[in-house]
Amino acid sequence: MQTFDPSTMRGDISSIRFEPGSTQDKMILNMGPQHPSAHGVLRIMLELDGEYIIRAEPVIGYIHRMHEWIAEQKTYLQFMPNMGRVDYLHAMAWNWAYAGAVERLVGIQVPERAEYIRVVVTELNRISSHLVWWGAYLLDLGAFTPVMYAFDDREQILDILQAVTGSRLTYSYFTIGGVYEDVPADFSKRCTEFVKRLRSRLPMYRDLVTDNMILRGRCEGIGELSVDVARRYGATGPVLRGSGVDSDTRKSEPYGVYNRFEFRIPTYTEGDAMARYRVRLDELETSCDIIEQAVSSLPEGPVSAKVARVFKPPKGEASMAVEGARGKIIVHVRSDGGPKPYRVKLRAPGFSNMSLFAELARGTMLSDAVSILGSLDLVIPEIDR
Amino acid sequence: MIPECLAAMGATHVVAMNYAATGVVASVSLTPETILNAVEVLDKEGYLLEDVSASDLKEGFEIAYHFSLFEGKSRLVLRLIVSHDAPTVPSISRVYPGADWHERECFDFFGIDFTGHPNLHYLLLPEDFEGHPLVKAEKARKGLVDVMPQTWLVAVGLANPEVPKPEAPKAEKPEPQNAIVAGVKE
Amino acid sequence: MNAFLLFIAHPAARIILWLVLMFAFIGFNGLILVWVERKVAAYVQRRPGPLHVGPQGLLQPLADAIKLMGKQLVTPVAGDKMLFWAAPLLAFAPVTVCFLPMPFEGRFNPLPMNLGLVLILAFSGLGVVSLCLAGWGSNNKWSLLGAARAVAQSVAYEVPLLLSVMAVAICAGSLDLYAIVRHQGAWPWQWYAMKNPLAFFIFLVCAVAETNRAPFDLPEAESELTAGFHTEYSGMGFGLFFLAEYANMVIVAGVAAALFLGGFQGPLLPGVWWYLLKIYSILFFIIWLRWTFPRVRFDQLLNISWKWLTPLALLDFALAVVVAGFRSIK
Amino acid sequence: MSFSKIKEALTGLKSLAIGLGLTGQAFCAENVTVIYPKEQVDNLSTYRGPVELVGKDDAPEVPKCVACGVCGKACPSNCLTILSPIPVKEGEIISSPAQMGPAPQKGAKGPGQFILDFSLCSLCGQCVKACAHKALRYSNNPYLVGYNREDFRFDLIERLRKRSRD
């Protein structure tokens, strides 16, 4: 191997900064930004001793798009399509967080029907997000087939959501004060059918993957996360619930009409990759429950409050927290009374979860790092924003 | 609604906020000197760090730390203002290691210097990026009175409660039932 | 014609002819196996697989091979050029030798010998050297990690593999694959897979590990090491590794079929067809494994070998010795 | 090696066998893929592609659009360019072709040119919502291919004419 000499490495300041000096018996490894389990363009610098990780440092920002700056250049409504692009897997939750924050700022009451539709599409989207995670995680662990089964199910959701929103991935379905358009007539029926189908598939998921000895060997006891560390790093969502904390924004600060539904928040106390895995799989069932309840009591009425296309909210600031597939999404909007936001801050759950990685990966093996990375369920565009 | 622990923070102002309108239960005004003590208090109470963000105002950079408990509507916002000329504030990453990246992000966007930060350099922006994109032009900056709700302004003594400012008539939230918003017609 | 027959009768000529035939067989077989692999993967994943080149996509592997041959061969600047290009050749060369003692059937035997099994085991052990050289010569950190994994894995799995083979050889009393096959019968209950299922199981697991197939494909583990030891190879350099992998699969499947499944013995059909059928069933099973399971971790892989398979294989070997001893006393 | 470990290994092996069984079942089951050029998916009608102009009920080749320019302003990424003819003032020479200016133009009744730069569009639909005359709608053609950016600058009036001819 060539010896590592930082003075000859021009242009890559991250590497030079990470370089510890003498690398005797150690190896600096750049995992990413083009790496099969980097889930997009994440780069992790690792200091390895054999296969053991001594130090890890993620380098992010490869697809940073400065959404927060864009928000200041556009009117409140014009920024809406950007929200579908922050986290492409759970676009609906971001839609909701931004729309909700602006609604709070202005004081708009969202019609009942729109609230129910929002719940259903967000939960459908959550299921599709978890299915993608499930498939991708198993790809990281070297199983090629489950991702196809997951995508088979996900296609059904995408078909439903396409009929509602017209697109299959980057939805901008929410508007300030409601949703873009009413759902088609057979929406409820299709949702119920899908829930039935997914429930019949879950035992297969369990038998094929969850109970699998090899998978359990790869997940159990890997990346153990204690509640205190999770709290100080700001971990939320399934990562936090995998550590045994019964915390879910849908319960703790019920937004929309979530307080009208009965649902269970799955938690596991082990705090390892397997616990996070199980939380997500159980959340599929939780989402199914919510969809069933919401669809069966879908009220009639308008789907959007009357809101002018360009409006000036009163001065002030508002935050909206939404439970996304990856954790607590918060959008802070600050208005100076003009037609454009003064400041928009997007709090991405993946950002906080990702910062945990360096802590979790220390002392594990390279294969475990891949497993931990997968179990955090990272969507890089959301982290980079 | 205001948690009792806030009394131990040495805050200049603690203002209860309307959760339904702002998503926050209390706003705590601090100074760079008191922030470390404040987050230590929150750490003892078991608060979770949500984010650290900043905003460019006339008075300086306003840094807002959002915290919440695992349960219930409990979001707190800790805010402090640092001047444009010397934007330094102690890093809280010693207490909340998760603040590390959030503070680096604030450094990216605003150039705020977090003293005691272990690793303060560009996070989201490229290493050779020059400038800080969210810093506004001098003319575009607004003061606190322009971006904060009237109730908060009154509570911290920046506005007079009896005589509402004529340029901020809509600062009070409209009735929640009011579905129609006065818009500006093109 | 007579001269040709005489020429054929000469053992050296027979070996050369056989080697040429084997090259053709390996190449053809590689194409077929790529197609089978892709079709099996596709059907397991409920999609059609290659479909458009030739009937049912049969010509797809050929198109891929032509594409591979047309690609530029890139050598890493900082790599060791000689080792780098010696590695794929070294991966491929021993494979052909391993086909010499394969018991296809009596009249296909180019080189009668009574140590066929030893020859195969010795030469198939050479494969790991090529992986090691490939990893080292690439001067790439991923490749190096892959090479290190390959060596450790090969050392670990050689032991139980040999022990399970020895258990069978002791029972049959020979190291000649033909003799071992003749020792069994045409029917499943006469096979060593039935008489000694533990050895068969151990052999299968070790065979999968020896050929670096999933779930033991750690040297190339693409989600961890991008592509492991062959990260830097392009074109036919990669193609040779690929071909060697499939040829190695055929060898282990061939040995397994001969040792445990009665080789060319079978009713009605000529023996060679039975043998091929058995080989391909084992290959199908190996492919099926790959598309079902996640990959094990490196330390787990070694643990499986040292803590489970080696003791079990020792136990099995001891049992086989006792049984064979009793039989010879009788 | 304790007894519990052996039991664990055996249950593990059983789980592997179950996994093999499931993929084996899938191997025998039917494909779920739609093989594209031979078959087509059945949900194209709900797909929302690039916006198109709506023709008048009595004259399908004439757009309903009144060239008010609201859609262009609503668009977050400025992908709509609406030009309408500048009405000729008295005494001016009528130039041919007519001079175009950005909509809205006083006195102009319809668009002279309606350009959609689809390479900028994010299909958010704000133009469709903004239109008071329902003169814009989504098309549902997913088959868009082009060799350069210019191919995605759609002249919507031209496309409307073509559509009404077919």
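First chain written, first letter: the chains are A, B, C and D, and each begins at residue 1.
Keep this in mind: contacts are C-beta pairs under 8 Å (C-beta built on N, C-alpha and C of every residue); 3 or more make two chains touch, one makes a residue touch a chain.
None of the values given here were measured: they were computed from a predicted structure.
The chains that touch both chain A and chain B are none; no such chain exists. Common partners of chain B and chain D, by the touch rule above, are A.
When the interfaces A-C and C-D are ranked by how many C-beta pairs touch across them, A-C comes first. When chain centres are set by their Cα atoms, the one at the greatest distance from chain A is C.
Each chain gets one centre point, the mean of its Cα atoms, and the points for chain A and chain C are 43 Å apart. For the pair chain B and chain C, the distance between C-alpha centroids works out to 65 Å. Distance between chain centres (mean CA atoms), chain C to chain D: 52 Å. Rounded to whole angstrom, the centroid-to-centroid distance between chain A and chain D, based on C-alpha atoms, equals 26 Å.
Touching of two or more other chains is recorded for residues 145, 149, 152, 208-209, 212, 214, 309 of chain A. Touching of two or more other chains is recorded for residues 16, 19, 22-23, 26, 32, 70 of chain D. Among all residues of chain C, those that touch two or more other chains are 44-47, 291-293. Taken pair by pair, the chains that touch are A-B, A-C, A-D, C-D. Put simply, chain A touches chain D in their complex at residues 74, 77-82, 84-85, 145, 149, 152, 159, 162-163, 165-167, 170, 172, 175, 180, 184, 204, 207-209, 211-214, 216, 309. Interface of chain B with chain A (complex): residues 20-24, 43, 46-51, 53, 55-56, 64, 66, 68, 70-75, 77, 95-98, 100-102, 105, 109, 121-128, 133-134, 142, 146-150, 152, 168, 170-186.
Within the complex, the chain C residues that touch chain A are 41, 44-47, 78, 139, 141-142, 144-145, 148, 214-215, 217, 221-226, 290-300.
By the touch criterion given at the top, residues 11-13, 15-16, 18-19, 22-23, 26, 32, 43, 46-48, 70, 74-76, 122-126, 129-130, 138 of chain D touch chain A in their complex. Those residues of chain A lying in contact with chain C across their complex are 1-2, 27, 29, 35-37, 50-51, 138-145, 148-149, 152, 208-209, 212, 214-215, 217-218, 365-368, 370.
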